[in-house]
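Both complexes shown next keep chain A, but they swap its partner, so chain B is in the first and chain C is in the second.
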Partner chain A sequence: MKILVCIKQVPDMESRFRVNSAGTWYEEQDLAFRLNEYDEYAIEQAVRVKEGLGGAADITVLSIGPDRAVEAIKKGLAMGGDRGVHIKADQPHQMDAWQIASLIAAFARDKNFDLIFTGLQSQDRGSGQVGGMVAELLGFACVTTVVGFELNGAVAAIRREMEGGLRGVVRLALPLVVTCQLGLNTPRYPTLPNIMKAKQKELLTFQAADFPVGDSLVQTEKMYPPEKKGRGLVLEGDVNELADKLAAILKEKAPALR
Partner chain B sequence: MEITREFYWNVGHGVTLPMYIFAGLTVAILIYGFVRRIRVYRLGKPLKRTDHLLLRFLRFVKRGLGQLRVMLVKAPGIPHAVMFWGILLLFIGTVLVLIQVDFTDPLFDIQFLKGAFYQAFSLILDLAGLSAILMLAGLAVRRYIYKPKGLVTTWEDYFIGASLTVILLLGFLAEGARMAITELDANPGLAVWSPVGLLAARLLSGLGEETIRQIHVIGWWTHFLLAMTLIASIPFTKLRHLLLTPTNYLFADLREKGAIETLNLEAQVDHFGAATVADLTWKDIYDADACTSCKRCQDRCPAWNTDKPLSPMKVVQQIGEVAFTKPTANLIETVTTDALWACTTCYACQEICPADIEHVNKILEMRRSLVLMQGEFPSAGAMTAVNNIEVNGNPFGMAFAGRADWAEGLDVQHMADGGQVDVLYFAGCYASFDKRNQSVARNFIKICNAAGVKVGILGKEEKCCGEPARKLGNEYLYQMMATENIERFKAYGVHHIVTTCPHCFNTLSRDYRDLGLEAEVEHYTTFLDRLVSEGKLVLKPQSLDLTYHDSCYIARYKGITEEPRHLLQAAGGQVREMERSKANTFCCGGGGGRVLTEENLGRRINVERVEMAVATGAPLLVSNCPFCLTMFEDGIKTGGAEGSLQVRDLAEIIAERL
Partner chain C sequence: MYLELTEEQRLIQETAREFARAELEPVAAKLDRGEERETFFRNLKKLAELGFMGLNIREAYGGSQVGMVAFSVAITEIARACASTAVTVSVNNLVCDVIQTVGSEEQKKAYIPKICSGEYLAGSFALTEPGAGSDAAAISTTAVLVGDQWVLNGIKRFITSAPYAGVFVTWAVTDKNAPKGKGISCFLVEAGTKGLFIGRAEEKMGQHASATTEVIFDDCRIPREALMGKLNDGLHTAIVELAGGRVGIGSLALGVGLAAMDYAARYAQKRVQFGQEIAKFEAIQWMIADAYTELEAARLLLMQATFRADQGRSFYKEAAMAKMYATEAANRACYAAIQIMGGYGYSKEFPVERYARDARVTSIYEGTNEIQRIIIAKEMLKSLAQS
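Up next, the complex of A and B:
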């Protein structure tokens, strides 16, 4: 079984974001970077599949980004990946989801992967398109927003989140792209021996230019913080009064309670 | 007439051979028993504990022969010490007899048990025996009638206590029988030097000489055989503490209090931390044998006292049990993770232990195994906090870029901007990010400004000192944080660091030494106290009724108890002491990384301590630690002390009196 996990290194969401001088992305200074949360679920699931097969699987952890992205790959290897692939791109934000997916597909095309795990979306751009596009480019089936994954031979039983609070179960044959959602699993904390071993694992480095991909289909026009509209509401009064007021507001504004 | 007595009276010198055969047998059993135990100690990893031999010997004399540690708790401690000295004197007396009768007299015709020395010898041994009996009786009353909570009694206690008492009584019986015949009428002048023997002699004197002689022979042999049995039982019963506790003083950890082994993370080892006894050191197994089950550690443990499944005594003994019964078994399964995670590393157990047992690092080694080998944490919250430290350098997950926001508008020097400073203030995560504790940082700067001290900060270049991660067992993350901080200190040529957090203080001043930090590190309580005594910081005292909480890491680990009290007095504070204060302080519940995780088992430690503060009647609780402040703010609310008690940091009190 050959598994590919596509991950991204993103800024910690608590960081202080400032729009860059071009006005199209954020300034990188003063940001703390970490592994995209949804990609952690992807790595964890890949490692669980491998463990379920008694180790008879090979996990490649791939990331596109500048040098710092290697840290995210190392974390993936410490969690249980077998080899890292770093496709170097200093300004990955200038590539759209199509280009990113094309790069991944170009790398993966002749590698005979059976399963590709990735996050539902990246925490910074959040397009949610890369997984689906990779599947399309490789001709794989694709299941998005996955919260449950079970593999029986060459068939996967998958639970996914759907709109309106519904969940669906699909059963389909490999090869397959799966995009992972919160709730799928609890990512493990890498053990020290695995962190140390990760440093010795194979890391293949490519330049984005090594893979011919077409032009961006989408351009970022402008990036800006949302305008401040309205403000918080502070309720006052005794507990019963507060509860009544809150209930009234919820009834009026939250459709789920109607 | 020569002042002495006939040795081997009535039993005759013919007893020498059988006596030595029995004694030889006893010693053989004793050695056999200990060799078997030593084999088990050697299951542990090697550890050098034989440096500074003179220091170690002095410790052995003071703590072992001097019983200083035992007497720390007076009620059972002093009777134990008196009993010990009594029996020790009797042992020495017996050995003196052997030396004269079986060696110096027959070989060199030298007798020293005579004259005034013999009189003193008789009197001292009689009083020693009497004292030992009385103390044993007192200790028996404590154990069997008063029954202190938590004191475990087994057959060994009955056996040892009864045997000692019977041996002592039989000694007096044999002495009395001998004196009834040889001294009572024949030499009353000498008899008065053995007052207890004299009393026994008077009681026996009505019986005929033949009966008295028979009583003597039976008494003498029973006394001897029982004594040999007891000695032979040493390695097989709790009595082994007789040898192991004093030698444990010899093998004590002489490093600075609270020192933790800095792991070599690159080492090619199978295991980090301890999951089996083989991962611990020989000393950790030895400690289990040195434990006397006095349960003093348990009595003081904040976890045990709030109904959590941790008893430091049990942990130590479980290591012994596993080592001796199933040495390859998983130790953590026996101790349980709940017990391991309950420890606040407050050090109260080690501070009071009369046997110099090292509880805290054993727990830490097992935590290291959980975190480093299994990625296991006490809670999801703790794991998130640890991840946050890794990404943003603080457990809250706040943006590292905002680390110096608290200092806005204050007269501090950001080290990155260059310029000379008198001290570097290492604010730590809580004073940097936690709203309540930011007030401590700001007030500390105000105080320094008033004293004319130029303060620098690392600002966003500062990272968590790594202490909570380390105490949770995450040595890897600790070293990552420590190395980065040390690099910054060195890059800026920092020579004097002051912290407001006792945990940062302990870590920087002691733990960072292993990683190459050389700068002087100080806690603000001693720093400010010195500024006051040098006249650089002038306070306007205002009367204040308060109670002071000694944080574990300042009072117990670092022995700083007077400076904060001086400061409070200089500020006009009248301190009402809590029953548990200074080195005997009771933890707030926040140490050992516990501040980062929920407290779901038993009662809440912070509420327990808040209740102790309320009991003093003081309306104000002053502390010197961000964890304490956080725990008490919470404890006052959950413990229903709002309105009757307020908690403030020492820096806040001082800053109001500039």
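Up next, the complex of A and C:
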């Protein structure tokens, strides 16, 4: 079984973000970066599949990004990946989802992967498109927003989350791209010895320019923080009255209660 | 000059931080009230499984062998969430370190893997006695060789983790006639040994989840091979090994100080008095500026001491400086944090009063800060002495 996990390094979401001078992305200087949360579920699931097969699987952890992305790859290796692939790109945000997916597909095309795990989306860009596009480019089936995954031979039984809190169950054959959602699993903490061992694992480095990808299909025109709306609404008065007022507001504004 | 953690050190720091946030922080206040003992033990076990009990211990003995810089940043992250857990981890690492440094191959194989794996929840470092605190050479516990056994008699006080320790590294007088400090030896005593009793638990100001008790040796018989290191050379071991422990305590203090200031500084941006956030008052800003500057200086001293240790250079003086400065900076930070929060800082509804209580002991244990100053002055004067 050959498994590919595609991961991205993103800023710590507790950071204070500033729009960069070009007005198209955030200022990266001084931010602390970490592994995209959804990608942790992806790595964890890959490692669980490998464990379920008694170790008979080979996990490649791939990331596109500047030098610092290696730290995210190392975490993937410390969690149980076998090999890292770093596709170096100093300004990956200048590529759109199509180009990122094209890079991944170009790398993966002749490698006979059976399973590709990605996060549902990245915490910074949040387009949620890369996984689906990779599947399309490789001619793999694809299931998104996955919250349950079980492998029986070459068939996967998958639970996915749908709009409005519904769950769907699908069953399909490999090869397959799966995009992972919160709730799929609880990612393990890498043990300290495994963090040290990750240093010795194979790390292949490529330049993004090594792979032919077309022009971007989407350009970011402008990035800006949402305008500050007025302050929140403060209700005052008698408790019973307050409850009525609140219920009325919720009925009007919250679709779930309608 | 390169002031950055390595990739591995950063991943270790991140792992410690994420574990601390998810598992330790939610229970820290309950642990402080004496609740959730089982959770405390379970978390120690989990930390052991992740490799945090033997950070500076070789793989052959079940350690993670990641070095002292990693040890320091890990303890700081754990202490940001729970000082009681952090001190237990720090002392476990110290005990493993002592055994690795002076123990025989059999002793290392017998005990270190059990602490590193979590089979033993803890190990204890039992030096202090009622009559011998700062003056460790004044201990009066005795060990007498009778046939093939050492017979221990005496009382140890303030022993961290004693009720759940699997093994005790302890010190006793083996030559009464030797000059002071020259007749002390180091021993390993297993929990459950006949004649070893866990005595009264201290009721403390803080760090409540970490037990601190008396340990009594009453005709406690241990095998001849339980002697660790050279006969009558035990005090030297204790003094040298405490340098590593001091880095742990300094790192712990830094974590508590940061937790207190982070909480208070966030609070100051929400609390409104006289029509504005109190963070806009210069008086509050100066407290924030002073505290964070001191904590940053503490961090650098700790990094300097541990970097030297990882390079195999001496770090005895640097560890004393880092411990002394970091623990005092942390205590000042906790004082400022309470001041910034006013009455709410003093209230148990907020965590800052707990941080202040937890930080207080850091300038006392593993050598009071007066003793650290004596060490630093001695080392400095020695290096400046006219030949």
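Just so it is clear, the second predicted complex is superposed on the first by the 248 of 258 C-alpha atoms of A that agree within 3 Å, B and C clash if a C-alpha of one lies under 4 Å from a C-alpha of the other, contacts with A are read in each partner's own complex, and residues count from 1 in each chain.
Note that in this section contacts are C-beta pairs under 8 Å (C-beta built on N, C-alpha and C of every residue); 3 or more make two chains touch, one makes a residue touch a chain.
What you are looking at is a predicted structure, and each value in this text was computed from that prediction instead of being measured.
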Inset, instruction - For A:L192, select first, second, both or neither according to whether it touches chain B, chain C, the two together, or no partner. - result: both
Inset, instruction - Would you sort A:K74 into first (chain B), second (chain C), both or neither based on which partner it touches? - result: second
Inset, instruction - Considering only the touch criterion stated at the top, classify A:R109 as touching first (chain B), second (chain C), both, or neither. - result: neither
Inset, instruction - Determine, under the contact definition given at the top, whether A:D30 touches first (chain B), second (chain C), both, or neither. - result: first
Inset, instruction - Would you sort A:R16 into first (chain B), second (chain C), both or neither based on which partner it touches? - result: first
Inset, instruction - Check whether A:K251 is in contact with chain B, with chain C, with both or with neither, and answer first, second, both or neither. - result: neither
Inset, instruction - Tell me which partner A:R171 touches in the superposition: chain B (first), chain C (second), both or neither. - result: neither
Legend entry - Shared chain A surface residues [contacts with chain B and with chain C]: 34, 189-193, 195-196
Legend entry - In the complex, chain C residues that touch chain A: 7-8, 10-12, 14-15, 18-19, 49-52, 55, 59, 64-66, 70
Legend entry - chain C contact footprint on chain A (complex, rising order): 34, 70-71, 74-75, 78, 189-193, 195-196, 198-199
Legend entry - Of all residues in chain A, those that touch chain B in their complex: 12, 14-16, 30-34, 186, 188-193, 195-196
Inset, instruction - Spell out the part of chain B that touches chain A in their complex, as residue ranges. - result: 265-266, 272, 371-377, 380, 383, 386-387, 391-393, 397-402, 460, 475-476
